[in-house]
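Down below are the structures I want you to see.
Common to both upcoming complexes is subunit A, partnered first by subunit B, then by subunit C.
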Partner chain A sequence: MGTQSLSARASQGQSGRRFWSRYGVSYSFILPAVVLYIVFVLYPFAQSFYISLTDWNGFDPVMNFIGLDNYLKLLQDPLFWTAFSHNIIWIIVGSIGAIGLGLFLAILVSSRPPGFLIFRTVYFMPQVLGPAIVGVIWLLIYAPRRGFLYKVGEATGLDFLQRSLLANPQTSLLGILFASIWASIGFFFVIFLAGLQNVDRDLLDAARVDGANSWQQFWNVTVPQLSHVITMVIALGMIGSLKVFDIVWTMTQGGPANSSEVLGTLAYQESFNHTHHGYGSAIVMVTSALAVLMSVVFIRLRERRGD
Partner chain B sequence: MTTSQDAAGVKRVTSSITRIKRRSLSYWGAQIARYTILLLFLAIFLVPITWIFSLAVKTQAEFANNPLGLPQEPQWGNFMQAWDQGRFSVYLPNTIIYAVAVVIGVAIFACMAGYALAKTRFPGRNVIFSGFMIGMTLPFLSIMIPIFYLARDLGILGTRWGFIIPAVALGLPFSIFLMRAFFMGIPDELGDAARVDGCTEWGVFYRVMLPLAWPGLATLAVFEFLGTWSAYLMPLILTQREELRPVALALPLFQGRYRADLPLIAAASMITITPPLLIYLVLQRRFIEGVTAGALK
Partner chain C sequence: MSTLKRIVSITFVLLVLSLPAYAQDQITLLVWDHFGSVSGGPADMIYEQFMAENPNIVIQREVVDAQQIKDIAPTALASGQGPDLIYMDISDARPLFQGGLLIALDDYAEQYGWYDRFYENGLSWSIVDGQLFGLGMEFEFVGVFINNDIFEREGWAVPTNLEETLAYCQAASAAGYVPFAHGQNPGWQTFFSFTMPLHNTVGVEWVENRVFNDTGSWDDPGVVRAIEVFYRDMRDANCFDPDVNGLDWQTQQDLFFSGEAPLFPTGTWVVGGIIQNMPDANVTMMPFPATVPDGPRIYTTGMGSAWFIASSAANPDAAAQLIDFMFSDFALEQWVEQAGYVPPLPLDADDYELTELQKFVLETLSASVDPDSGVSLGYNIDVLAPRPFNTMLQEGFQAVMADLKSPEEQAADLERIWEENQE
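What follows is the complex of A and B.
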């Protein structure tokens, strides 16, 4: 160690060579990924932030710097708040619904009863399709007067199935949320399955011997051991709900009359349909800031718990 | 040997019989309730897909008369019609090219970076790793405008590279995270032993570590393949020419155009989802591993 620092002081060139021979391999391994990531992710992100401070429309050569005007405009734009409230509804109904059902189903099969593989394969399947395709499939199911739900309603005499959820501004968001929950239950289901494998069976047995009923066993023994997984899954659900775009865009494009608009679709419309690049960028910056904030809070929560 | 096996079998059967006898009514009640719920959800996930498949092989007339039942005479020709009208002979090869190229690109860069982060020490290592982890949270939405102009300025927007290169870059955070976790699970002693035997650093990576990280690489490949297959917003921004579209982008546009012809849309949907579903059915363990690793590690 001593000789090393001596020689480092002795000759700058020699220390450079030494540095290179010591770390060169590491840097050459990581450099391609770092360059690609900086050029195509971090640099565009920084540009997005810059664009959000301008009034750029995409084709003008001039980009006027207008400071925080876009953000101030955002705060006064009722459409922004509408879209934002839909993301909040997405978090509450969409992710909590899917998380709850995923946990429920995971508990039902956690002892790997006969048929386990079939259940897991099928429950998780919609994840493979991707949200855009799920949107296409559910458009067929919801199709007015000819879709699956309408026909089932016709066959069974259930009126409420024959209402066109997506065409009605009162229910369009709910219609998309059903499709989204259908698609994302499997995601939370497999994560909870993995988490449940680490739950101590002996503790459950001990609780049973002590006379705890199923609900008490679940609430007092399983949930505390799953708390780490539950926090993380809620964080993932919230971040996912903020980022949502594909399924809304393929199903309603945010309509009718902005009734299913979310921040993602609003940013897309503003950026490309109205060529308000600056304003659209401000919206995605708010989304990103909230997403990063949530993951930081979540990491802190996890660290505080000490695992 | 057979007799001892038989004896063991008999023992197992009798013990399970006594167990069944011993089990109370409430146990069987709980089992029935459990399976009722599990089968109900099985139906919730399977019925829509089954309905769309049966819809895909009906004529418009049969669909009008028999919207819910199974088709009387399956019209396999619907698939040919959807294939031609939906230009799947263009979009499907595009999708395969994209998915394979992204898998290869991500695998190469993420393996090397993941290895360096897991198995070597160098100044800036933690900063670089944290930098990549931020990328797991950032939505593609947040870079969609600049990346469009960047691809245009680099002259790759009108080519397949215009989608592939950004997709590889965006796939890196998760993949590096995954590969780093896998390399960390391989004992350092294996690399040291190879070094003593005169292996170069590259040799340690390529001949010793990489073969052992094979399961991680397989998970990564399946995950990235299926992810690229179903990507929507990225190709919406980055494949500006019609003949460059992948299926996940083409299908919603197809649906918009043939809105009235439900069987045709259903047939096009089946063409789009069958390849990833088959891959999933064969390699589901890998895919599920990728998903849970991303969330739990």
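What follows is the complex of A and C.
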């Protein structure tokens, strides 16, 4: 009663040995990666979560546990909601804009016109630059009184070019988004270019024979076949838009007057400028949760639609 | 083996065996500072001279941007792998000392006689709970630099009060100048665009009471009026570049150095740059124009960056020795003549080769610590304020300048932040 027979235990032992003999090598290959993932991703993540439950200032030896106070504070912080709204704008304008332009450029060169290699290189080139470098380049372009756009405006008499986008709270986020889109088009371009190579030419020819125009061919034949690629790039775009930091910090540090503040810069400001590491960690936790939630929901919706 | 080979071998072995002993005598000091284009040269010379006089001490210098150092210093110091000696802003270092990352320097002050050498006023900026935690090197004050060549060429009078200032701004902007080389990117400049009109409007005593005695309130009507002077009256009179919120420190300096802006509201830390970039220009300094009829005109003073020793320093004695050397006769000559700094100790202008502007700065600061001189300076509030208050100064005044916030709202926010962060 409740005890296993000797033969049952022997059978379990045999199946265990079979499992390891069958999968042991595979697990041993992925084990180093898993260990690294636990040490450098999961453990710091868990530590950050704990810090978000404290009022730690970043250097005191003692962390006082305060429960969910940081999260309650966050919900009532108008600056958090301002930064979050800017990230949503980044998703809509920054990601969708870059994805749309990347797809457009990929379609233009997918037929491998003369100069294809040059076009591919030029479109991809900004992608090799780090976000901070992109920020510095565009700072030089936008700079008041000294920037490239100002000088062009001065030389041509176009007054509107002499006003820096980054100096105006109404346009600062737009200015950064433009720089970000310029830098990220290349990434989406090469992904779509690869995806377009797998579009069935026979279907396109059939559609053309049936009288479909270019737009109809694109929308009814090409886009459905790029469905999985589109899902992936939009998910990546959403995640990237939520965790953006470098380019914003380089160009405006979230200013002027918090007009370009995003969750990343807010977390940095709270953690390192105000030494509110607990609160900064709470912002990071919420950002991470939002990234996971939004991408999972989006992918599930896309998959359901595909079914 | 021949005798010669035996001697060489034994000598070699003895040398190798003595290396660890030699290495143990050698001290390496990791120093973080933010000395830039003007002060970097004098700093290098001082470090080199110190190492020449102390061959057992090697200085490993790392230059960290002044804005960045405050962000990364806490993590670096807390890790135990950070600098032994750090040169940074006092207001940013204060919480680090209170958090145990920096050591008190009282024993070294006794050892080296700092209490006798330095002005009490100069030391007080880096004293908390009766403990000295840093030694300041940049005794400075804030006012308005004047390019007198432009005023003489254009036939303008230098403004002394608000009415004259607004008229000057209209004339200068019509003539194609940027009347005031003021910028608010990244925003620390607002510390002084607030402090200067504030002192002229409410007076030094009011500021002392608010900051040190916790009386009064930042949403006082006088404070609101001070904000209106700079952020409404002067802005609407075209005193600033239209993109003032995007104008950074380098561009501000360029505007003044190039003669595009006749007035430069900032502090004496820029004197070295003025000497370097405008050697032949007739540049003087004045306090901010009076903001009320027959009102005062007050320079506001503070201590810039200071030297601090990390709790994790392997050899704090050597670090203290270097700090003391920073105020030796050799070092003072470099700081005062080349970098334009005024350390907070008695200095005779006749002992140095100084421009008239440098002499003026030195003599004003020296007089300010003499109670019989009649020279009274106000306070750079940012050095005494908690960090969130300074953030509100930066972000809030950017919003006020852009009409996203009223002066009343900003004053109320300053009061709220001040109260929330009082310990």
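Note that in this section the second predicted complex is superposed on the first by the 255 of 307 C-alpha atoms of A that agree within 3 Å, B and C clash if a C-alpha of one lies under 4 Å from a C-alpha of the other, contacts with A are read in each partner's own complex, and residues count from 1 in each chain.
In this section, contacts are C-beta pairs under 8 Å (C-beta built on N, C-alpha and C of every residue); 3 or more make two chains touch, one makes a residue touch a chain.
Owing to the predicted nature of the structure, the values given are computational and were not obtained by experimental measurement.
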Mind working out whether A:Gly115 is in touch with subunit B, subunit C, both or neither, as first, second, both or neither? first
Considering only the touch criterion stated at the top, classify A:Arg145 as touching first (subunit B), second (subunit C), both, or neither. second
Which partner does A:Asn258 reach: the first (subunit B), the second (subunit C), both, or neither? second
Would you sort A:Pro224 into first (subunit B), second (subunit C), both or neither based on which partner it touches? neither
Once the shared chain is lined up, is A:Gly16 touching subunit B (first), subunit C (second), both, or neither of them? neither
Just checking: does A:Gly100 make contact with subunit B only, subunit C only, both, or neither of them? Give me first, second, both or neither. neither
If you count the residues of subunit A that each partner touches, which comes out higher, subunit B or subunit C? B
Subunit A residues touched by both subunit B and subunit C? 58, 143, 146, 268
How about subunit A: which of its residues touch subunit C in the complex? 57-61, 142-146, 163-164, 166-169, 252-253, 255-258, 268-269, 272-275
Footprint of subunit B on subunit A - complex, ascending: 23, 25-27, 29-30, 32-34, 36-37, 39-45, 47-48, 51, 58, 105, 108-109, 113, 115, 118-133, 135-141, 143, 146-148, 151-152, 155, 182, 185-187, 190-191, 194-195, 229, 232-233, 236, 239, 242-243, 245-246, 249-250, 264, 267-268, 271, 277, 280-281, 284-285, 287-288, 291-292, 294-295
State the interface residues of subunit B toward subunit A in the complex, per the touch definition above. 34-35, 37-38, 41-42, 44-46, 48-49, 51-52, 55, 63, 67-68, 109-110, 112-113, 115-117, 120-123, 125, 128, 131-132, 134-139, 141-147, 150, 165-166, 168-170, 172-173, 176, 201-202, 205, 226-227, 229-233, 248-249, 251-252, 255, 262, 265-266, 269, 272-273, 276-277, 279-281, 284, 287-288, 291-292, 295-296
Please name which positions on subunit C make contact with subunit A in the complex. 70-72, 74-75, 77-78, 95-96, 99-101, 184-187, 241-248, 251, 254-255, 387-388, 391, 394-396, 398-399, 401-402, 404-405
